[in-house]
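Labels run A, B, C, D, E and F following the written order; every chain starts at residue 1.
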Amino acid sequence: MSVPAPNSRQDGRAVDELRPITITRGWSRQAEGSALIEFGDTRVLCTASFTEGVPRWLKGEGTGWVTAEYAMLPRATSERNQRESIKGKIGGRTHEISRLIGRSLRAVIDLDALGENTIVLDCDVLDADGGTRTAAITGAYVALAEAVGWAQRQGILRKDATVLKDSVAAVSVGIIDGTPMLDLPYVEDVKAETDMNVVVTGSGTFVEVQGTAEGAPFDRAELDALLDLALLGTTELARIQAQTLAAHAAGADA
Amino acid sequence: MSVPAPNSRQDGRAVDELRPITITRGWSRQAEGSALIEFGDTRVLCTASFTEGVPRWLKGEGTGWVTAEYAMLPRATSERNQRESIKGKIGGRTHEISRLIGRSLRAVIDLDALGENTIVLDCDVLDADGGTRTAAITGAYVALAEAVGWAQRQGILRKDATVLKDSVAAVSVGIIDGTPMLDLPYVEDVKAETDMNVVVTGSGTFVEVQGTAEGAPFDRAELDALLDLALLGTTELARIQAQTLAAHAAGADA
Amino acid sequence: MSVPAPNSRQDGRAVDELRPITITRGWSRQAEGSALIEFGDTRVLCTASFTEGVPRWLKGEGTGWVTAEYAMLPRATSERNQRESIKGKIGGRTHEISRLIGRSLRAVIDLDALGENTIVLDCDVLDADGGTRTAAITGAYVALAEAVGWAQRQGILRKDATVLKDSVAAVSVGIIDGTPMLDLPYVEDVKAETDMNVVVTGSGTFVEVQGTAEGAPFDRAELDALLDLALLGTTELARIQAQTLAAHAAGADA
Amino acid sequence: MSVPAPNSRQDGRAVDELRPITITRGWSRQAEGSALIEFGDTRVLCTASFTEGVPRWLKGEGTGWVTAEYAMLPRATSERNQRESIKGKIGGRTHEISRLIGRSLRAVIDLDALGENTIVLDCDVLDADGGTRTAAITGAYVALAEAVGWAQRQGILRKDATVLKDSVAAVSVGIIDGTPMLDLPYVEDVKAETDMNVVVTGSGTFVEVQGTAEGAPFDRAELDALLDLALLGTTELARIQAQTLAAHAAGADA
Amino acid sequence: MSVPAPNSRQDGRAVDELRPITITRGWSRQAEGSALIEFGDTRVLCTASFTEGVPRWLKGEGTGWVTAEYAMLPRATSERNQRESIKGKIGGRTHEISRLIGRSLRAVIDLDALGENTIVLDCDVLDADGGTRTAAITGAYVALAEAVGWAQRQGILRKDATVLKDSVAAVSVGIIDGTPMLDLPYVEDVKAETDMNVVVTGSGTFVEVQGTAEGAPFDRAELDALLDLALLGTTELARIQAQTLAAHAAGADA
Amino acid sequence: MSVPAPNSRQDGRAVDELRPITITRGWSRQAEGSALIEFGDTRVLCTASFTEGVPRWLKGEGTGWVTAEYAMLPRATSERNQRESIKGKIGGRTHEISRLIGRSLRAVIDLDALGENTIVLDCDVLDADGGTRTAAITGAYVALAEAVGWAQRQGILRKDATVLKDSVAAVSVGIIDGTPMLDLPYVEDVKAETDMNVVVTGSGTFVEVQGTAEGAPFDRAELDALLDLALLGTTELARIQAQTLAAHAAGADA
């Protein structure tokens, strides 16, 4: 594994450097929580819809539910994709990512503390340049936190309850020409021999590790190097999430 | 028909006044043309995708095609709507609006000058506060003009061809408590006895007139009053469109 | 706008003349109301199905519901069309027309007087020669009136209630070679520069005005000429509807 | 098996008597062949659409194809049924009957003599009072014969070719209260212990025999009695078909 | 009709001889009843799922319900077929066979004795070599009997109730080169001029007779010969079913 | 992490012990390759269908394609699941697993050496007791190897080409009550705090690592322990695969 010079990537980043991350809270004017998140040129609009009640299979259990739906606008990509609504069915990739986002968020929320309420996270990719699923998870956490705060301010949830046990963020890592790199844009993603998405809590434990050999299978040392890089990235993302939420909390106090 | 004081509307507008209109061109980073258009709190992202070739039924005719797809993000509205991709079918309202947008744009483009090329307009409502279909038409025209310009700069279309014969814009008008009003936000739309969407070219001729009695049927005088208001609005929208496109053309020269 | 000689149309009609109109009531042997309506060679079978109860979203409101479904037999047209049941989805045109018929009928019925009952109008085109949606609205009104009468005779609705506030009929008008014409058959419809469907109550007020520029946009004078023609046509249609219903009422007394 | 008096049925028919049969040819104004067939109160509109070319899997085989689609208008029955186009899928019963009609007609047509052409039979039930599938087969044969004649007159098929090898008709029979009866209306159909649909050629051989025990299983003697009755009915139907076609042939000569 | 020498079939069987029949009970580890049935190389896995409760339309009637679903694994056949789940719709053949199996089983079960319980039979073809629907019926009966026995041992159904009034089995017969033959494998099935599926109770009465002329129509004598052969086959199948169930009953006692 | 006594699992296995593994080759009579694989009570039928040609998007690239479809029989589980064909759509879990199997197999096949041919792996779960996706991958590899061998014996592929670069197998691991365990049956799967599926080549490198925190997130040490266990399991599975294939190769020679 040769280590390239720190600035050897096409966009000038070091191999262990995130793209510029921006999180704009409250972007949507109607949702209980929302965040427009940008990982470089990837932009995902995340909204959290809080509704009282739970799906039928949970009724009477005294516990809540969090679920997510991921989608892409047809022209988020360099070539236009047909809408899944027009096709009349949801593709496998969409299903897979929606499920991943839902599991990731459920890992940090106390569903009992949520009571019999449901929060649906919609993550719509407006511009796609790699890492849309990890941006979606990272942004959806902010929207979720905002919706929980809304419900607490509304008195629907107890103000002193710790509904969110931890924060959660995600990043992609991959091996390109033998070098492990952090946060892949599309141009790197298509060249990666191994591609891994890692979902990590604010306290640094794993929620999901999904590594895939796109080309040659990977060995244990490569796996370890990728996990190291991912933890570096999610630590930084957790810091940005906390900062965004703190700024807002300050504002909410005002 | 009593005429209220000019500032009698909930948002303080005169009855013949548009909401604040903003058109941000090039919002999408990948499409050949794009515009984020805002009519007050209504926001629609319009992208134009230019592809060579035409649908099968037009092959060999030497003429092009322009079509449109309208959709709403699930949380563009005050309550979350289920995705049409999840339902597995497109609703009647979506179909109806997509067809309206497509017809409106085809009215001002010279399909022969477009050659055997297709432009698909995607109009995705990010925030809905009434008038989403009229905002979509008005924004889609800007995205279309941008895509035509792109194709001319690329040499796909002849630089000296008049592909766009005119501009096109649309606005809603309605009668509320007996008073005709221009550009209805959601709160007025639900109260309107009559609701009309009018699509007008830059030179002031009609492309579509769709008036519907939601409550009591309307008479000829009311119809005339609504058409007068609509022409007032579309004249202003045509001016904003022209200004936006001129600004950009200036930038493109730089 | 040149005015052609009154008999200049292919079928010999004057420009302001309807095709021969026939309404056969009670054509269906099972529905609470039905009418086979013919506008020249266009034939639409309209049935009204009366059922007690309302859709879930209206329960407990003390008000009724009227809705419509439009469809075409596969060989109503000169070339066979694939069935929408086989395609597995309803096309945009079908949706659009079904919604138009429903809105038109709801404009003349007092839903409160209907109580918590639902009437579904099915309009199936058996032969299509232009103007199927306007024939459907005109025939559906007759089927609706018959079903209301049935419910009053059954004692489901109060005999003295004015459930139908007015009648409603519709006609198409269009501009062909610069001349406005009334009630277009298919051969004229495909040549029309502007095509308009107008839905009018028995007392002459508008329920829907839907004008579309198929070719060049139209100006205010053309719009006015088309509305004049349409009102001429709907006045005659209202007369035929009333006559048909009166004949039957006489028969029902016998 | 007790034999009731010949006039013991609710509608006064003898047990071995068909309902009044009417076949109106050329009912549809656009199809190459059509027939409105009535078995008592059951009415089915059958159209035959002739198109050059065959489905992909038959291309280049030098042989033709005949297929059928059966459907019911929503209010053909005493209670309204939801449209299959709205449900988004074709029910098992519809599929089963469409396939049966197609097989029945293919049994009497020489697909080689048809050349690489396709005839689609659409059988739409306008009023349903039992026996809709057998009426559909019987009427579809007439529409098919008419379409073949049309193609011969057009010179698409050779005038001297025997494209139709025989005629085909169908009837339902059943056992009610132990008595075998011919041509069951709805009121008898629901009471039948055994229900059988029999498709027979003009020369009296079987194309399909579909017997089903709805209540108690049936024995060999009952099966034989039902077949006897069915042959009686199809002989009469074949006579009516021939007469209808002869009348028309005479007219065509004129 | 010439009678060939008894061993003239490709697999050496006499014309009135079944293929080797094997029924393996309890093949599935989770269902209340199950049987893997083999008719030569045709293998169908039949499971019976017993659930308390009935479909909505039967609630409160005090009676039970039995239904069936038939399907084929994609590579049960010599060429792979696309999955119906992928196509998004059930084909006509699948529907038709599922309905046939359901009717056949309901003919021998006393739905009142079943109480408000439902048994669903799933018949999945693992290997297809002709006669899959008749194997499915024959195997499904065994699975059904096992599930009824399970419910009686569980005390859900009364131990002394005669829930199954009779057994039921099915076999295919056909005419090949003029000779009626019993139990057709695929190679014979495709050559048959007439193909008939016959469903018969253990006491020898008919539940279903479905005969289809694939080539030339068949006459009464041929029909009779086919029915004779079918009864021969179903008598033998009923014996094998009884033997299988007896063996198990013995085992259950142990 | 406490280590329980080796035989502390409900089925008596040590924590690092696989369930009894059985692979029956050639179970299907029609497919080019097939294997019925059993991981304890989990049974999956894997078939490989070899067809000449590739999907459209690969045409002319000189390379082949391998894809997979996973499904479950409705009664593979303790309670019956509705068929996805009946629902009319494929669920997210099915999509996700089908894609995982496809990627896993493509990691070990040389698509160039496959030429323009396609192999479809169908993995149908007949009995489900946990670990169905890992059993499917392990069995599908055997079916794939058999199909490749078939194509080489047929002369479709060169006999001396190394089409399969390595073998591939998969196993599930999880943490239950703090103890990492290998190859979880259903009863353990539902209790696991962390669940991981690991796909490994015969030479011990990773193709996929998919770890999910079902309860508490997991730390690096737990991840390492799970990977150790998984490699233990896949080494044993690779040995069994090789042995199965060798036995057959020997048989093929005979």
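Keep this in mind: contacts are C-beta pairs under 8 Å (C-beta built on N, C-alpha and C of every residue); 3 or more make two chains touch, one makes a residue touch a chain.
Because the structure is predicted, anything quoted here is derived from the model rather than measured.
Hopping across touching chains, the smallest step count from subunit D to subunit E is 1. Each step here moves to a touching chain, and the least such steps from subunit A to subunit E number 2.
Between subunit B and subunit F, the superposing rotation on Cα atoms measures out at 120°, rounded to the nearest 5.
Over half of the residue numbers found at the subunit E and subunit F interface occur in both copies, marking it as a same-residue contact. With centres computed as the average of Cα coordinates, no chain lies farther from subunit B than E.
Summarising the inter-chain layout, the chain whose CA centre lies farthest from the centre of subunit F is C. If each chain is reduced to the centroid of its CA atoms, subunit C and subunit E end up 52 Å from each other. Subunit C and subunit F have CA centres that are 61 Å apart.
Among the residues of subunit C, those in touch with two or more other chains are 88-90.
Beginning with subunit C and heading toward subunit D, the contact ring passes through the chains as C, D, E, F, A, B.
In the complex of the two chains, the subunit B residues touching subunit A come out as 28-31, 34, 41, 45, 47, 49, 51, 69, 71, 73-78, 80, 83-90, 94, 120, 122, 124, 126-129. If you check the complex, the residues on subunit F that touch subunit A are 89-93, 95-96, 98-99, 103, 107, 166, 196, 200-201, 204-213, 216-220, 223, 227.
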